[in-house]
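After this come two complexes, each holding chain A, first together with chain B and then together with chain C.
Presenting the complex of A and B:
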């Protein structure tokens, strides 16, 4: 009798398969399954009640969910673009510095080193209508009113975006700076000899070369911002009156406070579409930018 | 401050002597070598009681291992996760009358495990609020909460101000006895952004509880007997209009919709709020010069009444024993110790309200005979206020319903919806929840 042996490549990869199955695949399948049940954390037996697509149907007709979905896209779009512009500006200026650049690079990364929860508390205090720094400064400059930074719908979204941008602009700056360091000097020098203006050099040489770096930063940050939770939860909790409700504050309240984990998981799966769409979009852009530079393949 | 501490110490020691007889008589059992794992609510005001756990360990030979100590909302999330994961073999958990109905099947019915005469020593209303579907799920600790009105006394000592108020509103300026008077005075006193007439909790369960007590004060209710939402009645609309009026008039801080208890307590202690409906735990804090700019200027009065009655949304903390606990006898003994007369006297000496009849009587008598008029005034106000207290519906959906209602209340307050629209939308959402939960 010939004893069949598993192929060597399979045996070598088996530990990795087991680990990935245990920490990714099984929880993913489990959460997908639970999104088809009325699973409540406080009633574990509800995990075994199959309700089909009931949770999904409920979400598809839930105006609160889609408002939060739309607001998350708006938040994502504004934050990413502002971070890109600021990050690009900072990187270009840093690239010009010849003395103390390393120290400045380290300082630039400080905001990234703080926990988002602490950043949330910091800006909650700064924008507090009563004892906050901003209103105190405004009042000492002659204003006689207290701006409701975290209450007014537009001001509250602005405050949250400000905190998010303050914390993460350096991600863009560092990645774009890495692109600038890797950039060959010859085309820029040739452009200078040919009489190009600084703007023309930037628009037609520097920027196209930086685009792959920008799209990588965009992809990373879009995934990050789409799951924005900590800062929002601390600063406004999604309120008041759901004015700053984003997908993850809604999901966490549904799952952990209301204990409706089945419904929250269904929300999670619909929300993943958002991240997948942004990732596909940015990867396409990345491929196109690389193709423009003759780097495809 | 020293005088206050001395008073507290005297109260505590005299109370301890009074209680020593009952403690000596009470046998907490012998549990040599047993370890009880506990999940407790954490916070400065709760620590004094936990310091007594060493005494129970010495009495019984058992050991207590506190495996988690967090705020109540965090403990609540952790317990729900434990229930989902089936990791509920720890023995003693902090509980609250508003939270207890959610933990279906987690905690043991203490009726059969605690002697009936011990249960009879507690305030009957507190025992009723600790009972869900006939099961006594926790023994109440000396952390009974009902709110009364704190106010700055100086606002009522200024003759020119009193004259101006009477000229504008047509009745004399005095500590308010109705919510309408609170509204008038709050608008009159307000001078934003430097001084506010009042403030209220503006989010989560906190604002719904405050709205609930106003609805009852106006003659309405939150749910009917079948658990259908009825808070969108005329009474409900009058209640919510009160919050809206104050916000529109700028009599409350603009950020009040994001305030919960700590923000409110710190706000009144800053001396920039005239009237403040708040919990008993703040009394000492408000009148302590080290923590409060309002110290020495704080008055305490019974909660004002609505157009129908006075009401007080009330709740209390307690301790429960899990069904999965291996040493339930030892766990029950610990819970009885932490809620004993001696423990309640010691804990309530810090300013919290007891849940045992004898401890209420002892505290009120000691305050009356003592030389701390503020403590006597506040205890008298809380004793009177407690008579109008009510607990939230003992259903698991209470917490979830508040998450549906509070954004709608906020929407009316900040002007996104009319009072009627907001309440109808909230009622519709709660109605759907109750239907899904099978109440009707």
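Presenting the complex of A and C:
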């Protein structure tokens, strides 16, 4: 009797296949499928109604979605750039320190150690228009109006960005500092002899060397910021009147508050494109910068 | 005129002193080599001339202008580093032209200067490559090209060949010498390799522990070392040194009982009973019949060969005089077995005597 046996490699890989299917693949397929249905959490039977691309059509013409989409991109752009500039500045200064640098490096990581929820609460208090720290300081300095930090649309966006930047600038600072540590000293000395001013040395030698590190930080942070949810949810809840609505607060509202999970999943699939595009863009930049330095392979 | 003058130059790192007030004048167009064992302060001295290290005391002037407080870019020097220090993100062409670009020279002038340098160093085929795509020797040539392009007053070389393999090192040594003959600038070159120093230098500056031990032409240092340190540092194999005591003023009794007359250059300068070290080079101890020059005073020694190192054109013979290992040279090599006894001739007029206590040379 010939018993057919599964190939050994398949048997050995089977547990991994099963785990990945259960954890990643099936939820992914399920959510993709449900984005083509009018699935409502409160009426499970709606899962079996196929509506084709109707959810997607609805989203593409939905001004609320596109406002949140645009606001998320604006949020990303401002936060990433400010974090880059601050992080670069901090790293350059830290690199000059000869005494107590280790301690300072540890202190620099403190904001990253807090849960974003706590950071959200902390800044919600700081920016509170009645009892908040900022308004108290402003008033004791002689201003008589209380600024509506978390109520005015622009000010609320600013406050959220401020919290996000406070929490995560150190990602840039740490990665750029690592780059500065790894940097060979010789080319800088050669540049000095070649006639560079300190600014020119930075511009032509240090910065190109740091670019790969900057792009790694950018990639990590763009994924982080694109899914910004917790800080926003705590500080403003996307409000007031959707003035600080970002993609993920919109999605969670649609999915869990309005219970329209099918629609929310469709939004998720559209907005994931945003993250993928950012990632591709920064990875391209990263490999170009690495190739420039002869670091490929 | 771009002579370089160091007067009483000092370098302190915290409490320890790396360079102890050295005085040195390097003439316009001279090829000066700073040589010495690692930690002797030669690189520090060079970096002070370049402006990469602060000067703790004394004065450095280039072309008559005191440069102590000037940043490197205002000293009109260029430097070739041990690790090449090329800009990794620039092509060879950009590396060569960088200093001129920074100086905002017109495009045409830059490309002309870059081409000239590439011509001199044979870099034409490599112009669009990046440093990562070059071999060690090619990188070194680019580093030299980058130095030439600026047309500096003084070239500084900081152990430029120590990362290359032996064959390439010999080859690049020749190229550096040719380069000097072609451009004729003042060159200050740092190395720990005495062969490089001997072959390249117009003048060698031998340093130890932050002091200058001896300055002179390669042959000065080879033929008239001021102390045993110079005698053993310069020349390969190092000079043989045997302890002894002066017996009267015209003979030395070496440990082990062998008596040799005081060499002519030290005659009358040793005191009876003075502890001395008797020195001679391997080239001056030869088996009888092997290209020994006629004339001159010689001592005959009957010695047993412990080891032979054939080098092709010559063989270095290891032997033993009164318990000291001594090297000799056989200029028309034939196979020599260990344990073979040969009659050696010692050229007495080429020998040196050093005071044992101070290790300074005793020479008239």
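Convention: the second predicted complex is superposed on the first by the 284 of 297 C-alpha atoms of A that agree within 3 Å, B and C clash if a C-alpha of one lies under 4 Å from a C-alpha of the other, contacts with A are read in each partner's own complex, and residues count from 1 in each chain.
Please note the rule applied: a contact is a pair of C-beta atoms (placed from the backbone, for glycine too) under 8 Å apart; a residue touches a chain by one contact, two chains touch by 3 or more.
Everything numeric here is computed off the predicted structure, so don't read it as measured data.
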Looking at the overlay on chain A, is there a clash between chain B and chain C, or do the two fit? fit
Thinking of the overlay built on chain A, is A:200 touched by chain B (first), by chain C (second), by both, or by neither? second
Of the two partner chains, chain B (first) and chain C (second), which one does A:98 touch, if any: first, second, both, or neither? neither
Is A:140 touching anything from chain B or chain C once the two structures are fitted on A? First, second, both or neither. neither
Which of the two partners, first being chain B and second being chain C, lies in contact with A:61: first, second, both, or neither? neither
Between chain B and chain C, whom does A:293 touch in the aligned arrangement: first, second, both, or neither? second
Is A:8 in contact with chain B, with chain C, with both, or with neither (first, second, both, neither)? neither
Of the partners chain B and chain C, which touch A:189 in the superposed model: first, second, both, neither? second
Check whether A:209 is in contact with chain B, with chain C, with both or with neither, and answer first, second, both or neither. second
Of chain B and chain C, the chain that contacts the larger number of chain A residues: B
For the overlaid structures, how many degrees, to the nearest 10, lie between chain B and chain C at the C-alpha centre of chain A? 150
Once both complexes sit on top of each other, what is the least C-alpha distance from chain B to chain C, rounded to whole angstrom? 52
Common interface residues of chain A with chain B and chain C? none
Touch list for chain A against partner chain B, complex: 41-44, 128-131, 135, 139, 144-148, 150-151, 236-237, 239-243, 245, 253, 256-261
What part of chain B is in contact with chain A in the complex they form? 77, 80-81, 83-84, 86, 102-104, 192-193, 202-204, 253-255, 257-258, 267, 270, 272, 396, 399-400, 403, 406-408, 410-411, 413-414, 416-417
In the complex formed with chain C, which residues of chain A make contact? 184, 186-187, 189-197, 200, 204-205, 208-209, 292-295
Once bound in the complex, which stretches of chain C touch chain A? 50-52, 71-73, 77-79, 81, 83-89, 98-99, 102-103, 130-133, 146, 150, 156
